[in-house]
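Quick one: the structure is below, questions incoming.
Each chain gets a letter, A, B and C, in the order it is written, and its residues are counted from 1.
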Amino acid sequence: MSDDARVSGSVLPGPAPWPVLLPAAAILTHEAMSARGAGASTWRLEREHGFALLAVFLLGCGIAQAQSGAGYPSIVETLWKWTPLLARGFVFNLAISVLAMAVGTIAGFFLGFAQISLLLPVKRGAWLTTHFFRNAPWLVLLFYCMFLLPFQVTILGVRIPIPDWTKATLGLALPVMANVSEIVRGAIQSIPTAQWESAASLAFNRRQTLWRIIVPQCVKRMLPPWMNLYAILTMATVLASIVGVSEMMTQTQRALSAESRPGLLLAFYSYVLIWFFAYCYPIARLTVRLESRYAVNQ
Amino acid sequence: MQVVWEWFRWLHQTTGINLTIFYDAFDRSRFASGLWMTVKLSVTCIVLSVVIGIAGAWVQRSRLRLARSVVHWYIQAFRNTPPLVQLYFFYFGLGSLLRTPGGSPWVTNVAWAIISLSFFAGAFNVEIFRSGIEAVPRTTVEAAEALGFSRLQTYLRIVFPLAFRISLPALNNNLVNLVKTTTLAYAIAVPEMLYVSSQVWSDELNVPEMMNVLLVAYFALVGVLVYGMHRWERALRVPGFGT
Amino acid sequence: MHIKWLGIVASVLTLGVVGASIARADVLDDVKKRGTLVVGTKADYRPFGYLDPSGKIIGFEPDLAADVAKRLGVKLELVPVVASNRIQFLQQGKIDLMIATMSDTPERRKTVDIVDPDYYASGTNVLAKKSEGLKSWDQLKGKKVCLIQGSFYNKELQEKYGVEGVAFPGTAEAYAALRNGNCVAFAYDDTAITGEMLKPEWSAYEMPLDSILPQPWGLAVKSGEKSFADFMSKTVTDWHKTGFIQQLEQKHAIKATKFAQDMMSKYK
């Protein structure tokens, strides 16, 4: 038995790819073990991360407490006082991320299909749009939408206000749309041509082939990069603070200038980091688990 | 050259499109320095983050559990927190601690931006290189062992060159994101392109023109990077691997 | 079927554009009809506009805004603005009135209607460590000075005085950078600096130089809103006459400015 097999404890003669097809059960066992080894974390590592962040946070509080003089309330009291405001800001971040993801995904789907269209102008136009929005920095797109979109539209005499956070959502939905378009195109192109040919031989037209045969197979493949994109988007929502949206980062800055005490920065920003970590880390874990479950044997 | 600048002044006077970064000498020098700073930031961060990625991927395969968990913690921390907050944390938080006895800071804001962004991109690079390394067949590694290569030699001469070529597309994607993320340095007053542009548009009140200039400039910068990486990918393509 | 759908979308959009151009009403009438006055103020510039823990904007300028709303007999809604978006918000109509520590300069008068007389004034000064020993503005040549992004004095300080500007998005960052030694001094409105220096943690800092670029602050309404501008002009004159400005200075622990005294004696 090779070293590898001894370590993994299986009876398989080494890692994939094997020269012959083996029973499914053995393959699944091996996959699970390699997934465990490849980076799906164990319970111990998870707790370590939490402890590390907590340590940084407490250190920050300690430093802030030391730097500030007597006669000031403690750091923890200050943080607790401002927590409701920060929490409202965080809800904004989540709302922006969910909406931007929804709008971007729907638009990205259509753009992805346009990229594989048989009509050359549509294909070129979609390719250009995708690459334009992928190449532009998210912050610049955000600035663009904030400054150049009107603050309200009047349709049929009804004034529809477009609040700041909606503009930020649209601004963030644009790069999401471009990235989803690339994910969709990549997933569709990774389906073997044999599928298309079989569908053609069974008299499916192009639209039917796409919707009934190709896309259902693609959904599994698209899920991990899509969830990864959502994590990136959630963290990008703090960019909205630079353009003035009242999300968590802005509220933190305002709280800091209202308090205007020295040394509070580290404590407050560690606090913000912890909130985001607490939200994004479970998503990352779920993504890894989905990746290993839906990994395609190539 | 003056003719070109004067044409932009004429453009402003006739159509109202105000591109002071061309016809006003002060704004012109400001914007040029901003563009140069963005290029410098991007190149430095790209190089550093790739180095961090290589080192991290190596440490991830170490036999010491402590080393492995440190790298794992580093990756999770930098991947699951917003880079803007990381930047603030480094510059304002750690910056307030790292001071000389005279009271001035050790590390400038440009340096902190480079450190923060390199670590941010480095965390993603470690994962990218890891999946590249895993794609190298075990038989190749065993053959190297059989020929008497040490672990480090195998990594540097056999495994990593192959892994690098395999992970080049994903690395390309990450480096493009890094160039775009350099705009965040605006928040800690690093005079890169977005910072300079915001100064220009608050002085000259020409927001739409500057926005368009920014979009075009970043499109061009990233386009150059993507083109270069694409050429490199094609040159390094390993027959029989990948698409 | 697709053409029909496209036709509907096109007609809705056209009506929308037409509708937008028809709706050109007077801002003052709008405000009275709506029953709410929307005012843009700062939310991160203590003591002129900052947050209390419940999220409400309080300070010198919100108090002024409340007085305007009282005179109009409508409710008040405050919208937080920053230097980089206050003019845009006013132009877009997102806010009806802007009282946001904006200096009255000729360039800005081209874009919005700044109401005469000005309601307040300040100069530009610096907050620096006593150990720096700053005596004149020339000493700042080539040195790093913290600024706020979008301030009107940034260009002059960098061009004329040769200062190396380090501009931050907000005051919290700028004060933190000053404390960390990332810059030698922080250039800001002298009224804000005097207010900040009252705090014990700034005991090692001073405001040593003479204020330059004395600028009156103007509150602004959208370009062309003549009736609203006239109303505001009468209001500001009344504020000076009754000494309302000085009362607010006392309330918010701002050092009494000569400008407010002069204006009161002028309009008595």
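In the analysis below, contacts are C-beta pairs under 8 Å (C-beta built on N, C-alpha and C of every residue); 3 or more make two chains touch, one makes a residue touch a chain.
These figures come from a predicted structure and were not determined experimentally.
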| item | value |
| --- | --- |
| Contact clusters after notional removal of subunit A | one piece |
| Chain pair, A-B or A-C, that carries the greater number of C-beta contacts | A-B |
| Gap in Å, rounded to a whole number, between the CA centres of subunit C and subunit A | 37 |
| Intercentroid distance (Cα basis), subunit B paired with subunit A, Å | 19 |
| Touching two or more other chains - residue numbers and ranges from subunit B | 88, 92, 96, 186-187, 207 |
| Two or more partner chains touched - positions in subunit A | 147, 242, 265 |
| Where subunit C touches two or more other chains at once, by residue number | 84, 88, 169, 173, 176, 179 |
| Interface residues, subunit A side, partner subunit B - complex | 4, 14-15, 17, 38-39, 41, 45, 48-49, 52-53, 60, 63, 132, 134-141, 143-144, 147-148, 231, 235-239, 241-242, 249, 263, 265-266, 269-270, 272-273, 276-277, 280-281, 284 |
| Of subunit C, residues touching subunit B in the complex | 83-84, 87-88, 107, 111, 129, 146, 149-150, 154-155, 159, 166-169, 173, 176-177, 179-182 |
| Touch list for subunit B against partner subunit A, complex | 69, 72-73, 76-77, 79-86, 88-89, 92-93, 96-97, 127, 130, 134, 137-138, 176, 180-184, 186-187, 194, 207-208, 211, 214-215, 218-219, 222-223, 226 |
| Contacting residues of subunit A [partner subunit C, same complex] | 68-69, 81-82, 84-85, 88, 146-147, 150-157, 159, 242-244, 246, 251, 253-258, 260-262, 265 |
| Interfacial residue positions of subunit B with respect to subunit C in the complex | 26, 88, 92, 95-96, 99, 103-105, 108-109, 186-189, 195, 198-199, 202-203, 205, 207 |
